[in-house]
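Here it is, the structure in full.
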Amino acid sequence: MSPTLLFLSGLILLGAYCAYRLTTAGAKPSPSQWVTGIVLLGGLILDNLATGMATKGLLICLLPLLSFWILMFFGRNHLPSGGDWIAMIAIGLSLCLSYSIYHQAIGAYESGDEFFYHQSEGNIASFEWIAFTNPDTGERTPWKLGFWIDSLTAIMLMVVAGISFLVHLFSLGYMKGEENYSRYFGYLGIFSFSMLLLVLTDNLFVLYICWELVGVSSFLLIGFFINKDSAAAAAKKAFLTNRVGDLGFAIGLFIVYNNFHTFSIREIFDALANGAMADSPWTLTFMGLGLFCGAVGKSAQFPLHIWLPDAMEGPTPVSALIHAATMVAAGVYLVARLFPVFNDTAFLVIAYIGTFTAIMAATIAITQFDIKRVLAYSTLSQLGYMVAALGVGAYSAALFHLTTHAFFKALLFLCSGSVIHALHHEQDMRNMGGLAGKTKVTFITMLVGTLAISGVPFFSGFYSKDKILAGALEMGMINPHHAIIFIALLLAAGITAFYMFRLIFMTFTGKPRDRHAWEHAHEGPWTMQVPLVVLAILAICSGWTHLGLGGFFQERVVPWGTEAQVATHHADAPTLFTTAAFAQEEGTAVEEHSAHGEAHDEPVANAAAMHEEGHHDVQHTAHVVAMILSILVATSGIILSALTYWERIRVIDPAKCARAMGPVYDLVYNKYYVDEFYARTFYRGLEIVRNVLARFDLRIIDGIVNGAGRVTVFTSGKSGRFDLRVVDRIVDWIAEVCQHYGQRIRRVESGVIQDYALKVGGAFGTMVILWMIVRSFFIGA
Amino acid sequence: MSGLVIITFLPIIAGCILALAPLPNDTVRKASLAVTLAILAISIPLMWNFGEAYRAVSPEVSEAANSPMPFVYETNVKWIETFNINFHIGVDGLSMPFVFLTAFLCPLCILASWGIGEKVRGYFALFLLLEGGMIGTFVALDLFLFYVFWELMLLPMYFLIGIWGGPRKEYAAIKFFLYTLFGSIFLFIAMLVLYWKTGTFSLVELPGHEGLGDLKWWVQIALFLGLYVAFAIKIPAFPFHTWLPDAHVEAPTAISVILAGILLKMGTYAIFRISFPIFPVATAWFCTPLAVLAVINIVYGALCAMAQTDFKKLVAYSSISHMGFVMLGMAVYKEEAMQGAVFQMFNHGCITAMLFLLVGVIYDRAHHRDLAGFGGLVKPMPLYGGYAAFAFFAALGLPGLSGFISESLVFLGAFQEQKLLACIGTLGILLGAAYMLWTYQRVFMGPVNEKYKDYKDMNKIEIASLLPLAVMVLVLGIFPFIFLDMLAPTVSNLLAHLHVGREEYEAMRTAAEQVAMNLHP
Amino acid sequence: MVGLPHFLIVSAILFSIGVFIMITRRHGIMMLMGLELILNAANLNLIAFSRYVETGIRGQTFAIFVIILAAAEAAIALAIILSIYTHSAKINLDELTSMKE
Amino acid sequence: MLTWLGNVASLKYFIGELWLALACCVVLMLPLIPKFRNVRMSWITLTALVFAGICVLRLPTDGGGIFFGMLAIDGLSKFFKIFFVLSTLVVVLMTEVGREVPDFRKPEFYSILLGVLIGAFLAASATDLLMMYLAIELLSLGSYVLAGFSRIEKTSDEASMKYILYGGLSTGAMLFGMSYLYGLTGSTNLIAIREALEANQIHPLVFFVSFLLIMVGIGYKISAVPFHFWAPDVYQGAPTSITAFLSVASKGAGFAAFIRIFYTSFLTLNGEGVWSPVGQLDWRILLSILAIVTMTFGNLAAFGQNNVKRLLAYSGIAHAGYILVGAIALNQAGMQSILFYLLTYLFTNLAAFTVVLILADCNGVEEIEGYKSLGTRSPWLAFCLAVALFSLIGVPPMAGFLGKWFLFAAAVRTLDPWCVAAVVAGLLNSVLSVYYYFRIMKAMYLEKGEEVGPIRTHSTLNWVATAMTLPVLLIIFDGGSLYDWTGRLSQMLLG
């Protein structure tokens, strides 16, 4: 009941605010009021009309696409106020329909209905696309494209559509007056379309399509300030880095198709459950790792994390939507969606990569001064958290964190956008300070977001982070070899609290460092404030077990195929099922898996045993310990931060610390030189190879013999004016050789008749002699 | 008279009339546009009814290996009886799309050539002649006829590049001519040998002809390789590709479009149509080397494209890379890959056509193509920037656009046979994205170059030549089955033939190994 | 006894001398004489063969025709040489090289 | 054993030659009568040619031997006679309109030309060594004179001089070879010679020498390497119409003689249209090497050649090489394809030479330089020349392609390695030849000359060029019937 109420109250709030504006603004309703009206009304109508899930799903994703096309074709010149209202209506309607699905899911959860529970029923719409002959059965089987709507989808829809809507709203104010204003909303439309379809689809191929499409929309939006060099470079970098990950994804898909001859996720799961690929564990591992590569790229995990900080070149609302809340979480969604596909080796890799990213990004975030970059590294770190959670098997914790993170990180970004807006596009924190009084709404909401991300109790982030830490600790307890994961994540949590409060202190407290900017600082229009408030509310309550989503996640967002166990277990252990899932995974993989050696066999055995008897205790202990520890580190992080950056109680000088750290600080400040490393190795290598090859193409393939420039006399007609290097090519070479020998051969035409006679006589004599020789050798003998 | 006959000869006759009739330039332009549109109009119903007609004559999948390859819309007239040469034309799923593609691209190219101001009559007459040659090549079902059309295209092409081309046009034109003529030597010899073995030139009768049964394996392979060289030059496959950058760079825009859009397809089309069905055993022998060459094409072309500074040359090298996908798809015995390969041929035709048209747009304004010389073009020319973005993304295989479908089908099929090669081949996708985006960045993004800030955006004719292609790319990207369903029965038939050949080859190899084992126990 | 071989040897020598003259002499008239030697070598052959091999008159007839043709050829050649001489006052053929590579 | 027709009975098959002989005399004599001084002799010549043509067309293809076995009335001779009449017709038209030959010398010119034509007729049908020798001499003697007919006296005389000495040497050598052949077999009749060669044990060396000596004479006529030296100089120096005549009719006569002598005497027909050499002399290898060398030489030498006539001379050498490929196939198809090729070559080459004549004669242009921007200055002539050049390369759909196709098809059919090698060489050479043919093409279309405005031309010549070009373009549509026709005419009297 509670989320419903929350949502409705939010909408009512919005409506009330609009009504207020309507009365104050004058007789004529403004476009935004029209939008609100149409969205509310249209949502109601569509919700009633579109009774089937499939229709709803289609409408959800196609409406933003429609808005994209309309805006791209007509937005600029033909629509009033750049057509922003079209985008608003489209995403608003999508949000309403998403809510309708979500409402059903929540309703089902509360009433104990099984519809969203048995995800086998989730695959409810399908469309036959292209067909090929299946070599196993010899039948022509079409690729079925459809929607898979289960609890995970429902919650993802809500997150994506909700934040997208709020970002649209925020952008109305933030992007006002920008050139290509309507194109911006068009891009948001294509992004929303692809992201929504990404979470709706039941087909890996379509998922890959959307995967790339969100990449493209990200490219377009990062490069939105298209005439800025840095933006163009960042956009390209983002797309290409993602493409590297996508290559792995693609290869994973090849393996999938090669083994299952289908892309339907359901069919793949069924086949796996029936023991397909049981005898080829390495293939399974490769497949999992390949698919995970996609996640590494999209969720900016090490080593492909380099694009995300640069992506902050885009408009801030975009950073909030794409590069914080939704698109970057797609990687996590992918791993979660394909959870049964990964085997334990893959999971281990996933866990370590996530952990490493979490701690690495957190350390970098301490040293950064660009407000958006700090948030970007924080995003990296949090994504690492989620990935690590999936790696250790804390499935629902990861998705729970994904959701809460989406809210508070979107909030943080929008707040930073508000700050930047207030300071007229100043992003360096060293030039901020003392804004708390000037921009109250922003300050309070940003503080809420910071508390949430820091893991302070009663804020949403606390709950989800706590679950992740608990999962990691469990894993560490079962298998001490991997306890490092827990320790690193714990450390990262502390650092997160530290640098986030550093941000707050540097931005909002103390004396304004740029007096002029400070004086002109102001709060944005209502369109910018409303999203902040809504997100702040969500950042607080979405984690609560009863009023928020906590319970829903615990019980309903579970890996495919584990409902049975969960159903029996969560009656007595409602919070803990992750190990069960993990243990089961390990159990299925235990026989074939020997490559990991002794070290890994042990926990598997342990886990299986534990699953049988006493895992309950472990889980309980882990939960309690993790909670205490996480509160401890968060608190210490905040205190340390305050001591360093809050001018009122400052005792530590950050500059001195930095100097004391010396090379370590430099290393971290320069982001571990990963970019530089890539530039020196891959880019440089590529450059060398391509130049060598291009030259090879010109010189060797195309010009066996050098110095053939003379041929230009023949080929160009106008003597060798052209660059000799360009011209020496094989064809010319032939021409030249022919020309050359032609000249020589022609010299027999001396013009002297005696000469001719001599040559004929010579030829005649030669022939006779040759014939005699040949004859005596071959025939005469 | 069948529609195919009309669309084959209409352009040729119209071209001759245009060449002879002293019409004013503008009338010539309009007349040729009308002719090409008429051809398009005729080809649409042919395309529309094709699926049904083909299914009616197509054998059951289980019998496909033993029955001759079916064709529709056939016309068969005796021509040179002594040699059993017939004027035999018809289409199947392999050729129909390309007949349509030709008919589809030609009006757009006419539009793109609207600005040709020199020797207008000659240009359009030759262009129509070229169209006739191209359609003829795709519909010919007689090897001799095929050869005639194949060579017939060379003549107008030579002049179109040589007269209306860029600064080094003469060089490029003759290089193109020589390369192709050189290649056709092998086709010529192979044709003769085939004829004296079987007594027929019919592409319908030749596959599986009993006269070929006693052809020694090495003769088969030699002929196959000869044909491969002939066709590889057209594709163009490494290392026979060097004519392409030159020809493209020098050719006028519309001719580049035709060259990349249709002529390159003829190489792979001919392999599908001639090499594969007639020499299934040699195909089995050659499929791995072919896949290796394909991957070389992909990666090599992409890397070379990266190093280019000339916009058009870059697109030319990207063509080499993209045709590598086609070759890769051909090299594996998989339905997905083969359909993907044919689909890729079609898509590449549309996408590269767009790219060349786009290059033409800027070349018309700036009169140079140096990538380093542009920058920030989106600002003065937003529409141009938008179309370019669309085309670039289509070329780098963006999902939702048709190129992606074909490339992924190729890889899905290829991976089943050649895992490592397919993985290396995917590098081409990455590199493709790299050079395409880099180009886009250099030309369209970044600070506005002062020199170009007053450029006019695309005019109506330019839009008219690009829009249909964009729509085609988008529609086929979302509904590829429109195309693939048409193709599927033909590909299955071909595959059935090929599989028989492969089994034969495997048996031969096993036998040879047995012998070797016995010799060296 | 003089037999066929003797004739053949003589004719072969004549032929060789004729060719030799044509190769070495620069004077137009001398070359014509070489040509005559070649033709007469053939005549000698023909007649000898007609006497020793065929024992008919075919060879002799042939020879008579050749003599006539040789005369005609010489006449034409002389006329041309004359014409060249009147135009360019040259009689040595190796100087006549306005057309060559 | 064949029955030879007697002298009187033979006459009815000899009317064509008689007509020509009569015309020859009339054309020579008539201007001597003051009243007829100003009559255009070309009309009489043309009439005579047309009459002769009609007579030739009425000839049977199986008339047997006439004049006691001196001449054969068979398909082969009929074909070649048609071929000669056609080419002579064009040459007469070219000469009449052109200004290379001064008007007052035209009667003699035509008279000699008709004489040469009679020689060619005889060469096509001679079945006796004596007749063959006489025919070739008749052909040659006239040609020597004709080559010297140009207004540009110096080069023309020089060409004539070289031609006659070179020709004399070659025919002399051939005669010497013939004498040996006569000695070996005791007969001068070609059929009898073959029978003798088959029956008796023959000294191989002597036979080879005599074969080679005959080859010298034939090779000189068809301008095959290494007997080709005269060709470039003579082609360049002679009047263009005579160059055309030499490159078509004279070469055709050479091939007629070649087929006559080699296929009748040195080969024996065994089985279905397949010949094999007699007397243990497998000269196929020799000839295929000769063919390869000839075409390669011709093409290479044409590279960088700036004089169009000389360039076409080399091209003619190369084409002799291609035709020899048909000859070494040693089968009916090969012979048939030689005839077909010659026919296409006739149209192609005459089309090219007509355009060359127009440029040389009306505009004084013989170098490639002068062909610049011909495409705009005279589109139609440029088109005719382009078609001819494409046909010479052998690009479809020109007639030359079909000709090459049939030639090489016949050679590949034997599957003899030497034949296949020759075919491969021929194809490679076709590609090579693109280089120099396209220099003309490039000049015409791709390059801008200094001179603009239409070139001077003559309507008759335009029509001739058109008449020669159209068949080149159109033969492809019904190449089959033409090929069958040459097939019917490739039957020859073999005994």
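First chain written, first letter: the chains are A, B, C and D, and each begins at residue 1.
Assume contacts are C-beta pairs under 8 Å (C-beta built on N, C-alpha and C of every residue); 3 or more make two chains touch, one makes a residue touch a chain.
What you see is a predicted model; the values in this text were computed from it and never measured.
Nearest to the common centre of all protein CA atoms is the CA centroid of chain B. The chain pair with more C-beta contacts between its two chains, of A-D and A-B, is A-B.
The distance from the centre of chain A to the centre of chain D, each centre being the mean of the chain's C-alpha atoms, comes to 78 Å. Centroid to centroid, with C-alpha atoms defining each point, chain A and chain B lie 36 Å apart.
One finds 26 Å separating the Cα centroids of chain C and chain D.
Computed from the mean C-alpha positions, the centre of chain B lies at a distance of 65 Å from the centre of chain C.
The multi-chain contact residues of chain A, meaning those touching 2 or more other chains, are 717, 743, 746, 748-749, 751, 753, 755, 757. Touching two or more other chains at once are residues 19, 22, 31, 93, 96, 98-101 of chain C.
Among the residues of chain D, those touching two or more other chains are numbered 161-162, 165, 169, 173, 232-233, 301, 435, 442, 446-447.
A list of each chain pair in contact follows: A-B, A-C, A-D, B-D, C-D.
The part of chain B that touches chain A in the complex is made up of residues 61, 168, 170-171, 174-175, 178-179, 238-239, 241-243, 300, 303-304, 306-308, 335-336, 339, 376, 378-379, 382, 385-386, 389, 393, 398-400, 404-405, 408, 411-412, 415-416, 419, 422-423, 426-427, 429-430, 433-434, 437-438, 440-441, 444-448, 480-481, 484-485, 488, 492.
For chain A in complex with chain B, the residues that touch the partner chain are 72, 76, 129-133, 180, 205, 208-213, 216, 219-220, 223, 226-229, 231-233, 235-236, 239-240, 243-244, 247, 250-251, 253-255, 257-258, 686, 689-691, 693-694, 697, 701-702, 712, 715-717, 722, 727, 729-731. Residue ranges on chain D touching chain B, taken from their complex, read 375-376, 390, 393, 395-397, 401, 405, 408-409, 412-413, 415, 420, 423-424, 427-428, 430-431, 434-435, 438, 441-442, 445-447, 476, 479-480, 483-484, 487. Contact residues on chain C toward chain D in their complex (touch as defined above): 8, 11, 15, 18-19, 22, 28, 31-32, 35, 38-39, 41-43, 45-46, 48-50, 53-54, 58-59, 61-62, 65-66, 69, 72-73, 76-77, 80-81, 83-84, 87-88, 93, 96, 98-101. Across the interface of their complex, chain C is touched by residues 743, 746-755, 757-758, 761 of chain A.
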